[in-house]
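Residue numbering begins at 1 within each chain, and the chains themselves are lettered A, B, C and D in the order written.
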Amino acid sequence: MPERPLPTAAEVKSWIRERRNWGRWGKDDQKGAINLITPAKRAAAARLVQSGRSVSLSRPFPTTPGLNNALPAHHYMKTVPRGKGGFAADYYGIFYHGVASTHIDALCHTWDEEAMWNGRDPKKEITFDGATFGSIDHWAEGIITRGVLLDVPRHRGVPCVTQDAPVHGWELEDILSKRNIKLEPGDAICVYSGRDQWQAQNPNRSYSVPFGAGPLDRPGLHISCLPFLRDHDVSLLVWDMLDHLPIGYDVPWAVHACLFTYGVALLDNALLEPLSAACREENRDDFMLVIAPLRVIGGTGSPTNPLAVF
Amino acid sequence: MPERPLPTAAEVKSWIRERRNWGRWGKDDQKGAINLITPAKRAAAARLVQSGRSVSLSRPFPTTPGLNNALPAHHYMKTVPRGKGGFAADYYGIFYHGVASTHIDALCHTWDEEAMWNGRDPKKEITFDGATFGSIDHWAEGIITRGVLLDVPRHRGVPCVTQDAPVHGWELEDILSKRNIKLEPGDAICVYSGRDQWQAQNPNRSYSVPFGAGPLDRPGLHISCLPFLRDHDVSLLVWDMLDHLPIGYDVPWAVHACLFTYGVALLDNALLEPLSAACREENRDDFMLVIAPLRVIGGTGSPTNPLAVF
Amino acid sequence: MPERPLPTAAEVKSWIRERRNWGRWGKDDQKGAINLITPAKRAAAARLVQSGRSVSLSRPFPTTPGLNNALPAHHYMKTVPRGKGGFAADYYGIFYHGVASTHIDALCHTWDEEAMWNGRDPKKEITFDGATFGSIDHWAEGIITRGVLLDVPRHRGVPCVTQDAPVHGWELEDILSKRNIKLEPGDAICVYSGRDQWQAQNPNRSYSVPFGAGPLDRPGLHISCLPFLRDHDVSLLVWDMLDHLPIGYDVPWAVHACLFTYGVALLDNALLEPLSAACREENRDDFMLVIAPLRVIGGTGSPTNPLAVF
Amino acid sequence: MPERPLPTAAEVKSWIRERRNWGRWGKDDQKGAINLITPAKRAAAARLVQSGRSVSLSRPFPTTPGLNNALPAHHYMKTVPRGKGGFAADYYGIFYHGVASTHIDALCHTWDEEAMWNGRDPKKEITFDGATFGSIDHWAEGIITRGVLLDVPRHRGVPCVTQDAPVHGWELEDILSKRNIKLEPGDAICVYSGRDQWQAQNPNRSYSVPFGAGPLDRPGLHISCLPFLRDHDVSLLVWDMLDHLPIGYDVPWAVHACLFTYGVALLDNALLEPLSAACREENRDDFMLVIAPLRVIGGTGSPTNPLAVF
C-alpha cells in the first residue's frame, strides 16, 4: 500500500476548487453538509437503535500535560458552605483545538488562500469576539444521524495505521465493499485508525505537535480521502488519527479542507477503540450517532462527548 | 394555590432522611438514579422519535456580564497562519454552576450536614483535583431516556411561575392527570416554569444571586417536589427555574437535595420555552432526550446542550 | 466650581491634535513620556527616600463579583504532595482593564479615529497574539520616578470628588500653588479623588460600568486635565477616579487620550486613601514611586502593585 | 568540587528542625524574614542608587509551550470600539509556580511532614479560596532592600553550574570572601548559576519537570546553602537555577525548606544574566532591589518583575 498511484497535483486542486459545495444550500448557508441531516434522516437514525447500548467516543478532558497536550485544559475546584451543608463547583477552561481534546470543528475553523466556507473572507469573519460566519452555534440543534464505522486496522489486520501507510480514499471504498456497507447522504463516518495502539507502540513520541515547534509528520488520512467525503455526501467525519502529514501537496490543508470546500464537519481526536470493540460485539457497522456541541455564539467548534447508540 | 397545607418539618425531614436511595444500587454506586436508564430504556426512548424534529434546550454560552451572570464565561479567539491559509481557534472557560449556564449537576455537587450521595464524606471526597466520588464522568455514556414536559404556565394559564406561587409536588401530579401522562421509572422530567417570561416582566431584577451578596428569594419549585421525584423514580430533573427560595425549612437544600438523597440528576437553567412550543406544535408531551456531559474526570457537572428529539 | 468657563471644542481638539508628542522621541518610539525618566531621574527619585516607609497603592486582586466588578478575576488553588510534605500553588486569571483592578495601561491601550500612539494604525498593530506596537514590555525596566500627590478632597475640604464637580486642570494648578509644589519633567502625579469615600456614600451604585450596559456617568477628572499633563511633562498619571463621564465633547476619550497623544502612561484604580494619609503623616507631597509591570510581550498593560516610598 | 565532605543527614536535619525561626517575630507572624527589612533598611537600600540604571530580572510572561513550560500562561486579546475610536484589552492567566515564570513564593507555598511556617497545619490553612496563613498579601508593601549578586559562573570561570557540581553553601561563603562582600541582615541575595547558558548547552532537555512525569534531576543549589541563608539573616533568595535535584537526603524540600523553616522568601526563575553583566559594567556587587508582588489575598506567591537599580 499504496498499490495505486498517488493523485496528481491537478487532481488534488480539482477536489478543492471544482467540487466544492459553495452555494449548494444557499450562498449565506452556515450549516454546510449538516443540511443533509433532515428530520427524516434523524428519525431514521433513531430507528437504528436496537440493543440500546451506548458508547462514549470522548477522551477524558485533557488536564494532564504531556507529549500530545501542549496546552493542558484547566480544572479548578471550589467548595462553598451552604447552611449546614455545602456544595462543590468547578471551573473548566480549554483551548480545545489541537490533538488532545475530543472536539468538533465548526465550518469557520479553517481556510485556504482563497476563502472560508461559502467563499467568505476570514479577515472579515474572524473577530476578537468570535466568528461571524460558520460558527458552531449553527449546529445548536445537535447532530443526530446514522454513524458508520470504517475500521482500518481490522481491514488491514494490523493494530494501527502507521506513518508509511496512510489511509487512502480507495481504501475506504474497499472497506465499504468488503463489509458490504452502503453509505447514504448525511451519514457520519467514523474512521478508526488505531491511534491509541500507535501511541502504545511509540510511547516517547507525540502523535502530533499542533502548536509550537516540533516534528511535522504523523500517520493518518491521506488527502485522497477528500473526494470520498464528497462522493458519498458524508455530513461529518469522526476520526482518531487526523490528516496524514506531510501533506505532500502545496496546499495548507489536506482532509481538513473539507470544512471550507464541502461544508463537511470534523470531529477530531475521537476515542474509537471502544467503538471498534462494540461494533464487533454487536456485529454491526452502523448505529445512531449523537453530537451535542455547546451553544457558543461565534465559537469555532466545541469540546464534545459523542455518543454511539446501538 | 397553595390550596393544600404545606408539608410539616417532619415530613420534609422524612423525605430527605427516610426515603433516600443510598445503597439501592450498591453502597459504592456513583450513578444514582441514572441506573434506571437501562439499555432497554434507551432503546424505548429512541422508539419515541417520529418526526425527527430536534430542539436544543441550551441557553447560549454565557459570556455577557449581567444581572444573572456574576462570573461570565470566557471566550477568547486566536487566528494562526497555516501555509497559504490559516485557522481560527478559541478558548472556552466557565465556572458553570450558578444560574447563567445550562449545565448538569453530578451527584457530588451538593451535600447536607450528614453526607453526600451514598453516605460519603465531602471532606474526603472533594479534593483540589476534583471529586473522587459521584463525579460527572460516571455518566460518560450519556443520558438517553424518555423526556416528559410538565408545562406549569400552560397548566396555570399564566405566562410564568411567580414568587408567591411556587410549584408544588401535588401540582406536578395534577399536570400528569390533566394531560393523561404516565411516568415510567427512569424518565426525565422537564419542568417548564416560564423563566424567560418572568425575566421579561422583571427586567431589572436578577432571577437569583448564587455567588456573593444579594436578595435570596426566587420563584421556582417547592421542596414538596422532592417526593414526586422519588415516587415516580425520575432519573433526571430538567428545569428552567430552580428551587423556590426561601426554602422555608431548616435544611440547606430544597429540591437540590435530590442529588445526595435520591441520586437524581439535575439539569439547571435549561431553555424550555422552545420545548414548550414544540410540544404544542407536535401535540406531544414526550420525546427522546439526549444529554452528553463532557467527560471530565472528577468534575462536579458539565455545561451541556440537551437535545429533545420528537 | 467650575468658576471658570469650560474649554471650547476647538481648545479640546487642539490639545489632542496639535500638542501631541508624536515623533518627539523618534517616530518608532514605544516608550512615550516614560523616556523622560532617565537614569539620573531615577537616582534623584531614590534620593527622596528618607524614612523608608513604604505604601502599597494597590487594591486587592478583584476576585469578588460586585457592582464594579463585572468580570471578576480568577484565583484557583491546588495542593500537591511532595515526599512527606507538599506544596500549594494557584492560578491567577484576570481581564484587568476596567474599574476593579489596579493596573497600568500601555500606550497601545486606546486610540481615536486617527491613530494610536505615534500615528500607528490599530488595525495593523493589535493582533490576536498581542499588540505589536506600544505594548507593556517596553517598560520592562520599571517606572521609578518622583511621585507627587495632588489631594483634591484635602484641597476642597470634602471627602470626595462628586459628579457635579469634576476635577479640572486649573484646579490641579491651584493645588500645586497652594501646596507650593514644583513639578519637574518625568514626575508621576497621583491625583487622589476620594473614590472609596464616594463609594461609601453611594453603596448601591457602581462607580462605573466599563463593560456591558449601564449608566455612563461617573465623577472624575475633566478633559481639561489633558494640557496639565502636557505642560508639566508628566510621565505617568496615577488616579483612583478616572475620566469624568459624560465627556461633554465629541471625542472617544477624555484624559485617557493622553496615552495616544502624549505618550503619558496611566495607572488606573489606584488605592490612594492610604497615600493621602501617609503624606499628611510624613508631612510631604513627594516620594519615590516604583511600578514594576509584568513583562508580557505584546500586553496592553499589567495588573500591578505600585509602591510609594517616603 | 565538592572538595569538602557532604553534610550528614543529622546536620541537614538540624538545619531544618533546630535552627528554624518559628516564633522569632511572634507565633502568629506571617512576614518571616521580610521583617528584617525595616524602614531604615529600605532607606539604606535607596541610598545605594547612584547611576540610576535599572535592570529587569524577569523572564517574559511564559505563553509559549516548551520543554520547561508544561502549563503555558494565557494571553488573550480583545478590541472594543469606543465612539469613533476604540481600545484593546487582554486577559492574563497563569499557574505561575514551576520553572517557566519569574515569580515569588509566599511562606505558605511549601511544607514538610511537620508543618508550614511558624508551625501551622497546611490541612487547616490551605483552602479552596486561598491560604489563610503566610499568603503573599502580607508582603503587599513590597520588598525593597539591598540586593547582592553572588555570581557562581564568574567565580568558577565557567559558563554555568552543571549537574555534577552543585552550588554549596561554602562556595557562597568563598564568593563573599573573594569579592570582599559583607552581607547584612535583611539583604536579598541573587545567586546567578547561568541557567540560560546551561539551556543553550542542553537545547533538547528541560531544566526541570515540576508537574507530571519526567527526569527528576537538575543542576542548582545544594541543600548545604540552607545554613548560609540562616547565618546571614538573608531575607530573600533570588535565583535562576533552583534546588539541585536529586536532593540526596530524605527530606521533601532542599533549599525550598527555607520558606517554612526560616521564613525566607524565594524568587524563582529570575533572569540573572543581564544582572551579571550589569554588575560587571557598573563594577558593583550590590544595588537596590525592588519587588512588588500582586496584592492577592490568600495567594501562594505572585508573578513579578523584580528590578535592580544601581
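Basically, contacts are C-beta pairs under 8 Å (C-beta built on N, C-alpha and C of every residue); 3 or more make two chains touch, one makes a residue touch a chain.
Fair warning: this is a prediction, and the values are worked out from it, not measured in the lab.
Taking the definition of touch as given, a chain qualifies here only if it contacts chain A and chain D alike; those chains are B, C.
Two copies of one chain, chain B and chain C, form a contact in which over half of the residue numbers belong to both partners. Centres computed as Cα averages put chain A at a distance of 30 Å from chain B. Mean C-alpha position of chain B lies 45 Å from that of chain C.
Centre-to-centre separation between chain A and chain C, using Cα means, comes to 48 Å. Shown for chain C are the residues in touch with two or more other chains, namely 74, 77-79, 91, 93, 128-129. Those residues of chain A that touch chain B in the shared complex are 38-44, 46-47, 49-56, 58-61, 63, 74-75, 77-79, 82-98, 102, 108-113, 122, 126-131, 137, 140-142, 144, 250-253, 288, 290-307, 309.
In the complex of the two chains, the chain D residues touching chain B come out as 74, 76-78, 91, 128. Note for the complex: chain D touches chain A at residues 64-66, 70-72, 77-79, 93, 128-129, 211-212.
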